[in-house]
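You will see chain A twice below: alongside chain B first, and alongside chain C after that.
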Partner chain A sequence: MEYLLHLLVMFGIFGALASAANIDAGYGGVLSFAYAAVFGAGAYVTAYLLGPQSAPVWLALPAAVAVGIGANLIVAAIASRLADGDFAVATLAAHGLFAAVVANTDLVGGPMGLQIPQVQVGGLSLSSPIVAAAIALSLLTLSVAAAYKLQRSSLGRALRVVREDAVLARSLGIDASACRVAAMAASGALVGAAGFVFASYVQFVHPDSFTTREAVLIVCMAIAGGLGTPWGAVAGAALLVLLPEGLRWVGLPAASEGAMRDILYGSLLAAFVLLRPAGLFGCFVPAAKPHDTTVR
Partner chain B sequence: MIESFAQLGIIAAASFSVYALASLGFLLIYIPAKFFNFTAAVPVLLTPYIAYAVIQRSGSFALGCLISLAAAGILGGFLYQVVFRRLGASGYSATIQLVATLGIYTAAVGVIGLIFGQQSVRIDPFESEAILLPLEIRVSFAQALSIGTAAAAILCFHVVWRRTEVGLRLRAMADDMILARILSIPVSRYAMFAFAAGFVLLGLAGVLGGFDSALRPTFAFPLVVVAMVAAAVGQGNARFAAALAASAVIAIAETAVAWYAGEAWARPVSLVCLIVILVWAGTQRRNSLRQV
Partner chain C sequence: MSGRTIELKNVAVRLGGVDALLDVSAAFDVGVVAIIGPNGSGKTTVLNVLSGLVRLSRGSASILGKNLSTIPAHQIARMGIARTFQTSRILEWTDIRENVAAALSRTDLGGNGPSEAYRLAEASLTAVGLESLAGVRASTLSFGERKLVELARVHVRKPFIALLDEPVSGLHPSKFPIVADVISQVAARGGLVILVEHDYEFVREVAGQVVALSAGRLVGSGAPAEVLNDRAVLASFGGA
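And then the complex of A and B:
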């Protein structure tokens, strides 16, 4: 039972992360690889406040959300200056930078990571699997609702115009930068909150929890599920949280599990892009634009 | 003091030789691919591991290098035919194409981890033997081999690029792919050649890099980041001199940072350089578009 609840927690957290990626990439056309870093920043802030600082939960959650928003807005600032492929590379580099900084900074435990004491709210422990599952699934529901609402809002429509053609959007009087900033602030808040849920559930944050594998996994979930639809992220998260669990039944040694996950995520990512770029439920495939300013 | 700086200079030169080869290989495959692609990390990763496996079996270092570099070349041609031609014809955005290549790289990391495990291995055939130069400067055989091999490879590359028909046609493709096609250059064949040659250079960088640092499944990524910086400095054009200069600057900066702040802070140097140069290049492009 605890194992199933753990899977639900991971499904909820990664579903919310994939949903955030879908908001930025599926609606805004900005595919970032820095979600694992933003997620890690939210988790580290939570761990730092709840651990060494012994701060209350009501302070740690808004702080994680604020850091998520701030970090994603930095990404948005980079996005406004870069074209398409260059932006993806820059965000991947930003992720690498984050990993290097947390692994070498003593303030956040360096390579040893940070331990968090058990956090209780109203007598309920946030590290209890059933409570964590309820919180993670609530966060996932919130993220899907946000994506659904965004799809039908004027901001969502403006974002889709920006996604298809930024020049056309500008000629229609749409402020492309403001639209993207609003979307990325919303997705940053979700990612920061996911960091809080993760840190308070596992009670330990470590640089190895936010590696390039996680950065790829989040994007893989969004693309496999399908960009531009609220349910795509949920389907992608379900597929990629549950599928690797099947490896446990194959009887591989524990040391090979990480390698098998890499093979699975990598193959799925390449296969989806090459064979089914719209994903399982997607309605949008980012295409090359004629006035694209990339260096091609 | 002079001895310390000279020693640091040797370390920087050895790093530069590896980075230079990776940058040349990366730019060569950039000519037909036209986007930052992570399959460049695959030969950097696979070649030293193949060399390691062959050396373990046969005991011959030269045979290990030859087989692994041949495998890198074949892999380059194969990936071009199977993946890149398809991607090029797809009309997807550069980001989506990049994501596909990241998937291939991630799968390759998994395959290496599955076969060789997560433990680090070394392929230094000289077991840290060293030559002593004046001023008590110590140059390991591995460093000397890296510097010598890279110098020879860069010279060969320069001759092929500047003085041969193949180089001329590749330069034409780098300048304008459509015009090259109009001029009846067999673009696909030369693109496959560029991929094969680029993968061999990247594989060579991987093998030489494997002398210096222990091989791990994640070993290739930092090298490719440096190669991306080199490509970004040339703003995607085949400016090999600019790429070599960028490689030299990063090698010197990393060595200086490692000496001053410790080895752990050396790797972020190239990441910071990549972000800064991409943002700078993006701003330049935006400004030039505004002027137009």
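And then the complex of A and C:
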């Protein structure tokens, strides 16, 4: 039972992360590989405040959300200056920078990570699997609702124009930068909150929890589920959180399980890109084009 | 109103090492102005300058007295300027109704929701004869239909200034009156239409003023009959 609840927690957290990636990439056309870093920043801030600083939860959660927003807006700033391919590489570099900083900063435990005492809210422990599952699924519900709301809003419509044709957007009076900033602030808030849920659940943050594997996994979930639709992230997270668990029943040696997961993720992503580029529920395939095109 | 509607003073634009415009000065108030000239003469560049999509190398361009060099493109569009493109810019992943509704901002809608945007979009699609295709995915459209969708986008915004890049190019002549009608609606509201066009018959029909460009330079300006019959102007086009 505890194992199933743990899977639900991970499904909720990664579903919210994939939903944030969908808001940025599916609506805003910004395909970032820095979500694990933004997620990690939210988790580390939570751990630092709840651990060494003994700060209350009501301070740690907004702080994680604020850091998520700030970190994702740095990504937005990078996006405004670079075309798609360069941008993706730059976000991977930003992720590498985050990993190097947290692994070498004593303040947050360096390579040893940071332990958090058990956090109680209203007599409920945030590290209890059932409480954490409820919180993670609530966050996932919130992220899907946010994506729905965005899709139907004038901001969502403007973002779709920006995503498909930045020059057209400008000629229609759409401020592409302001739209992207608004969307990426919202998605950054979700990612930061996911960091809080993760840190308070596992009571431990470590550089190994936020590697490029997680960075790629979040993007894979968004793409496999389908960009540009609120349910895509849910489907992608369900597929990529639950499916690898099936490997446990295959009876592989523990040492090769991680490698097999990587192979599975890579194969699934390649299969979706080749066979179903719009993903399971998607309505949009990101085009390989620069954000802005010089007009003559 | 401060100054002329549009004023270009000694405008020069250099794109990718090529002089697209050289020392062009012109001023327009209201009505319909056609820019003619051979391919590569700088016609589209003028529209791009006026919509803020390219920056000047020298000179100045202003709309209603406001210097465009200090205004981002999206804010220029919000000044009541709508445009079409030589190669239509269509949102391929959505339907035609959404393509037109996308041109309407929250301000345009006066606080009304998406249903009002779709109602206005459908009215504009009717104005360009595409009402039966409102729900059709844009990626399936023909070249000419794409041109008309862009025209509907201009129509729905009720702009003060409309910049139309080859609006009848690729259209069946039976559709020309639709384009002429949208143009005359903007002019009738006291607005200004600047169209780039190769079809001189259409230019004669709709324009009150013609500006001729050749190799990035202004080589003629005046009434259509005057410029289109000017041998020196036509000779500068290289036999066009």
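Keep this in mind: the second predicted complex is superposed on the first by the 287 of 296 C-alpha atoms of A that agree within 3 Å, B and C clash if a C-alpha of one lies under 4 Å from a C-alpha of the other, contacts with A are read in each partner's own complex, and residues count from 1 in each chain.
Assume a residue touches a chain if its C-beta (ideal position, glycine included) is under 8 Å from a C-beta of that chain, and two chains touch if they have at least 3 such contacts.
The structure displayed is predicted, hence computed values, not measured ones.
Contact with chain C, but none with chain B, is seen for A:R157 once the two complexes are overlaid on the shared chain. Of the two partner chains placed around the shared chain by superposition, neither chain B nor chain C is touched by A:P56.
Legend: residue contacts after superposition of the two complexes on their common chain; A:A103 is shown touching chain B, with no touch to chain C. Residue contacts after overlaying the shared chain place A:A94 against chain B, while chain C stays out of touching range.
Residue by residue along chain A, chain B and chain C are tallied for touches, and B comes out ahead. Look at A:G266: by the touch rule set out above, it reaches chain B but stays clear of chain C. Once the two complexes are overlaid on the shared chain, A:I223 sits against chain B while remaining clear of chain C. In the overlay built on the shared chain, the residue A:V167 is in contact with chain C alone; chain B does not reach it. Put simply, chain A uses residues 294-296 to touch chain B in one complex and chain C in the other.
Within the complex formed with chain C, the residues of chain A that make contact are 152, 154, 157-158, 160-161, 164-165, 167-176, 228, 283-284, 294-296.
The residues of chain B lying in touch with chain A in their complex are 34-36, 83, 86-87, 90-114, 117-118, 217-218, 221, 225, 228, 232, 235-237, 262, 264-265, 267-268, 271-272, 274-275, 278-279, 281-283, 285-286, 289.
If you check the complex, the residues on chain A that touch chain B are 31, 33, 78, 81-90, 92-94, 96-97, 100-101, 103-104, 212-213, 216, 219-220, 223, 255-256, 258-271, 273-274, 277, 285-289, 292-296. Interface residues of chain C, counted against chain A in their complex, comprise 15-16, 20, 44-45, 48, 51-54, 72-75, 77-78, 82-83, 85, 89, 91-94, 98, 101-103, 105-106, 109, 114, 117, 153.
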